[in-house]
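Labels run A, B, C and D following the written order; every chain starts at residue 1.
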Amino acid sequence: MKETGTAVETELPQQSPGEDHAPPLIRAAVAGARGYAGRELITWLRRHPHVRLTRLLSSGQKETEAVPLDNAHPGLRAVRGPRESELPASIEPLGAVELSSDEADIVFLATPHEASARLVPSLLARGLRVVDLSGAFRLKDLADYPRWYGFDHPAAPPVVEEAVYGLPELHRAAIARARLVSNPGCYATAAILALAPLVAEGWVEESAGIVCDAKSGASGAGRAPSEKLHFAEVNENCRAYGLFNHRHVPEILQALNLPEGDFTFTPHLVPVNRGILATVYTRLAPSVSRGAGTVTLGEVVKLFRDFYAASPLVRVADPGRLPEIQWVAYTPYSDLGFALDARTRRLIIVSALDNLVKGAAGQAIQNMNLMFGLGEQTGLV
Amino acid sequence: MKETGTAVETELPQQSPGEDHAPPLIRAAVAGARGYAGRELITWLRRHPHVRLTRLLSSGQKETEAVPLDNAHPGLRAVRGPRESELPASIEPLGAVELSSDEADIVFLATPHEASARLVPSLLARGLRVVDLSGAFRLKDLADYPRWYGFDHPAAPPVVEEAVYGLPELHRAAIARARLVSNPGCYATAAILALAPLVAEGWVEESAGIVCDAKSGASGAGRAPSEKLHFAEVNENCRAYGLFNHRHVPEILQALNLPEGDFTFTPHLVPVNRGILATVYTRLAPSVSRGAGTVTLGEVVKLFRDFYAASPLVRVADPGRLPEIQWVAYTPYSDLGFALDARTRRLIIVSALDNLVKGAAGQAIQNMNLMFGLGEQTGLV
Amino acid sequence: MKETGTAVETELPQQSPGEDHAPPLIRAAVAGARGYAGRELITWLRRHPHVRLTRLLSSGQKETEAVPLDNAHPGLRAVRGPRESELPASIEPLGAVELSSDEADIVFLATPHEASARLVPSLLARGLRVVDLSGAFRLKDLADYPRWYGFDHPAAPPVVEEAVYGLPELHRAAIARARLVSNPGCYATAAILALAPLVAEGWVEESAGIVCDAKSGASGAGRAPSEKLHFAEVNENCRAYGLFNHRHVPEILQALNLPEGDFTFTPHLVPVNRGILATVYTRLAPSVSRGAGTVTLGEVVKLFRDFYAASPLVRVADPGRLPEIQWVAYTPYSDLGFALDARTRRLIIVSALDNLVKGAAGQAIQNMNLMFGLGEQTGLV
Amino acid sequence: MKETGTAVETELPQQSPGEDHAPPLIRAAVAGARGYAGRELITWLRRHPHVRLTRLLSSGQKETEAVPLDNAHPGLRAVRGPRESELPASIEPLGAVELSSDEADIVFLATPHEASARLVPSLLARGLRVVDLSGAFRLKDLADYPRWYGFDHPAAPPVVEEAVYGLPELHRAAIARARLVSNPGCYATAAILALAPLVAEGWVEESAGIVCDAKSGASGAGRAPSEKLHFAEVNENCRAYGLFNHRHVPEILQALNLPEGDFTFTPHLVPVNRGILATVYTRLAPSVSRGAGTVTLGEVVKLFRDFYAASPLVRVADPGRLPEIQWVAYTPYSDLGFALDARTRRLIIVSALDNLVKGAAGQAIQNMNLMFGLGEQTGLV
């Protein structure tokens, strides 16, 4: 990654020709439509100016019959609207539907990891493009799946090889050419965006250890009931989980090319519905702060603003300001802010995003936009 | 009830002789110890000066082995304390234990309605006293169970007959003599305490309709996971449920001797862990506000203070002040306050309690205190 | 109102000619831009396809200097977007700015009641159209202001006379012709929409009393700090307030033509950021349920669907389903659902809306749309 | 501290002689009684078996008249109880009262830092013992006050010298002899208890850096209204604050004898009323994991259990279990748990406590117990 850092900004795909030409609508299907990521996909896609939702599917085994959309997500019902009437009226069982390119140009998979791993090859074979929101195609080494995901990956290595890691701020050009985009994890997006400029420029003393302490809202854990996510167990509580073994660690290491020993990640559940705040602790490399002058907060801000100059969905806060979850909730943005103790070279990056938008559905749509030649923020801002 | 209203205050059982004599400890067992009401029972009973907890049981079918108490309720672990070492170390499966009077004087049942209905007769037969926190013995007419609880009651009519409705403020003397006390529902306690003085004195124009709009925290719905109680479904939400068919309605009607048509009750789920706020809308009887003077707020307060003069766990707010959930959370109190529009004779009563304390465990212990000749607030204030 | 009920649906203004003609942008100013309603106005207006925000103002006395928008509302910062660059960069002190029709076609006032009362006449005189979100022009009888709002209204009666009560579902045509629209209160919107069809058709036995018990999120109380709105005082709490004297009562009575004695309204504060759930208790008129057949839930639903057939922002739930705050949060919709106890003729209406959208900013924009000949849902769905 | 680590357990003061002898009640006054810490002190002190609350005072300048206790803290009203009648009925203005040893044996100061700094010398001079919950006597070097607290400390150095840092787990014997105890900060308590055993035994590689990322409920910020603590600003939010400059840092460094450069502390505000969860990131010293065997999680647990063997209010979780805020909320306990990545020697300590109990009022009472020869957990468990 370090070698590609400077190239990032020049890889911009061609922007959308604008709304004047009324390009044909992208036909999109959503699988996993009953969960929170699925709901968020529908929410944004249905008001996207260049998308028509054609199929909604759910992978839950129990569902042998279609569920009216209004039952699954009562808040999504629209009385009327330009294309509301075209919204699918129900969520169909995934097993009963054979999606083809006759009815969709792209499929968003908000399905469980193993389900995605099984579904993707056949979807690609049928000529569909795919953005997979699960972790099934995030890791390049198939041998990592048993350890981190608990299953042997069923897909052929070339399919995994082909998958592009869908972090537009780092892989814009490759995403634009991809058939299969693997949407990053919510925590991974927060951590990678916080560290990529520093790592790319060699500003961080990696061997001193990097700590990422993340706080997430409960929607990140999905909609399936469990005692751990029971209201009275989450409310008025805060808990750490997944210490030293969270699934997003390997994709963060892979994206930043970091050795496992240098990076510690601890997620926490906080009692909010949505949003992640990641506090990332680093030590600047001695070389960065040599001589008379040490790096200033202003220089850190400049580094990040330069790095993300072509990234419309990353906002870098002014010196002295730190992002909060409310800055980003219900928005597609990823916000970054900094605190620096120059004397000891300790730099703290605070990274905030909405786990369901920039951490899931929004980023998936950002990827879709790139795949179809649209401006990446189309339908999101 | 109207005829017994004035007698209530004189029915006080003899108070505890005080702590000087160090009476023998009451040996108590708790069945249903894994749920929230069970946890609350343990919390209060273990610091009760006259109780020793001897057995903890759970009725969950899946549990074939004892669960360490520390796993079920990590917060309950005490490092040390006068009688902490005597706390049972684990929660045993109910089916595997045959409780006898050799090991317990009283059993608290925080078990499902049907489980309680089956358990109580045999517990009584073995010489144990019982406080049942389920609804299994609240209704006097067995024919009401299919409609309101969805099962045919298996107990013999005399057992149901024998059960005393455990609202100490109304039935103090009978509770003191009881073998079996049926602990009121949390909503029912809030509603009945708000209305009992008015109904007893004939101040309310019942035919004008009484509306009780109640707001409850999520612990009232129990600990079993479900989508309805999933954190992100309750947080930042408020919903009405059980309209015209909530189980606490018949016990409220029975306690107040009200016809069903005159009383409307709607519970709502609000995103707090514990507490109920019930707003009760009534119209005063014309006879109460005849002549030159109409009833004043001060007279309403006086009516309630007189009625509850012997009730240490009912607090009547000063005129102009209205109880809030935070006034009562984590306390054994039931708080009452009032607003009066004298011109239109509309009186609103605001009733607050903690659904797990005065609405469940605290009231159960209050009942136990009366059953064993202790001051009813012992171990609670 | 009863006599106009059936006319409502035919009063529809002409719809917008569509987006084809690219009508000139409506230039809008927002006064009171620092508060929650102001923020919500900016949020929706900046993505409205036919609006350009030209001025942001704040009425806070302390503010002698402009506040960067990014400081007041960090989450509103957009990195880029079609017209983002035109967003005012700061919020200016209201006192220092003399708005004229050279820079705005319409002013949204999210200012305190008294400030609005003073500002409106001069704004109208300068040729601006106004949507006032305060209560300053909601009541037709100026004599009501001292009682309900605590001040003597400074405006001339003709201005108050001219103001149109901005509930589009009832006054669509008049709004379309108005210079001054008085945006309804959030609670009032929820209550009136729940009752208007019933009152219009004479289905409700008003003399039996109507109770509206409403639960609101904290943003409805504004952004000014106070102990009552301190986090730890609202969280894990629920409280009733404004009993028999809430300011929204007179506008509800006025809109529905109800006598004060027949309507009881009690608002409650629940620990959510946004949303109102109003539970409205009525008794159906005997005439409605005469003869062999009583009114059915389906007939109630049909009544409401017919009444709101031309109202794109009112959603009537299917029988058996009741709106929740999450159905409407962050949306411009008002949702209605019903429970009926046919035997006793008791009908409960559950009415939900987002107090900042349909209860404030969204409705204000809906009104603006009508005033400028656009489809009322433009920029909202 | 390292040298005293092993001595800690032997310094236990003599236990209370038990309740048999009915020792004279300790007469206690609380200054700062209107805030959350003050309320918590009253809550616990009024049910403490050996305490009588004699005076309640408030330092707020505006208060020229006594405030009824019931107004300041409606939930604290008790209908009756053994010594309830002795509870002061109101909170008096601090400036108007000259406390003397005739009416109190001990004063708890929950007053602002500067107020405490001014009050303590005269209280000591009048023969009162003091537990100060502010930061005014936590730092030994008076020169630190301008930097960390923003004021020049007015007290004479000997008074500051005399103050004992009131962390009973480390300074039990000195507290037992103290006239003036300086109650630790809430965050400081969580951090120091998490690190003391490791530092004392030299297990931590301090130069590798220690990161303490803490999450706190809003009551820790006090009861004074501010926009930052407004409900809708805290709810559904999470924010970091005080980076590199929080006041609790110097007392942590002082207590653990750590150089500033080795310790990074970042507090966060999470939307809960009470509780702190601190996640502490360390690297074990190479010497600890030498040879064939590395340190195991079990050995870490044993280290902590040994260190806190005499500390009844510290609970060390079993391997594999991590404390949560709900484990400790409303309790006097401090809970500790661990995760270890033996290969990289990274040890994470999770430390939880209730900021108002072990982090404030509970610890203050624990200190009082020691000062008066009672078992330290008396009245708390």
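By our rule, a residue touches a chain if its C-beta (ideal position, glycine included) is under 8 Å from a C-beta of that chain, and two chains touch if they have at least 3 such contacts.
Bear in mind the structure is a predicted one, so any value in this text is a computation, not a measurement.
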Note: of the two pairs A-D and A-B, more contacts are counted for A-D
Centroid comparison with chain B (C-alpha atoms), farthest chain: A
Whole-angstrom distance, CA centroid of chain A to CA centroid of chain B, is 48
Per the C-alpha means, the centres of chain A and chain D lie apart by a whole-Å value of 41
Would you mind listing the residues of chain D that make contact with two or more other chains? 233, 235-236, 271-274, 324, 326, 329
Quick check: in the complex, which residue numbers of chain A touch chain B? 36, 217-219, 223, 225-227, 229-236, 271-274
Residue ranges of chain A in contact with chain D within the complex: 208-209, 211, 213, 215, 233, 235-241, 243-244, 260-261, 264, 266, 268, 270-275, 277, 279, 281, 283, 322, 324-326, 329, 339, 341, 343-344, 346, 348, 350
Residue numbers of chain B touching chain D in their complex, please. 47, 70, 74-75, 77-81, 84, 236, 311-315, 317-318, 321, 323-324, 326-331, 333, 377, 381
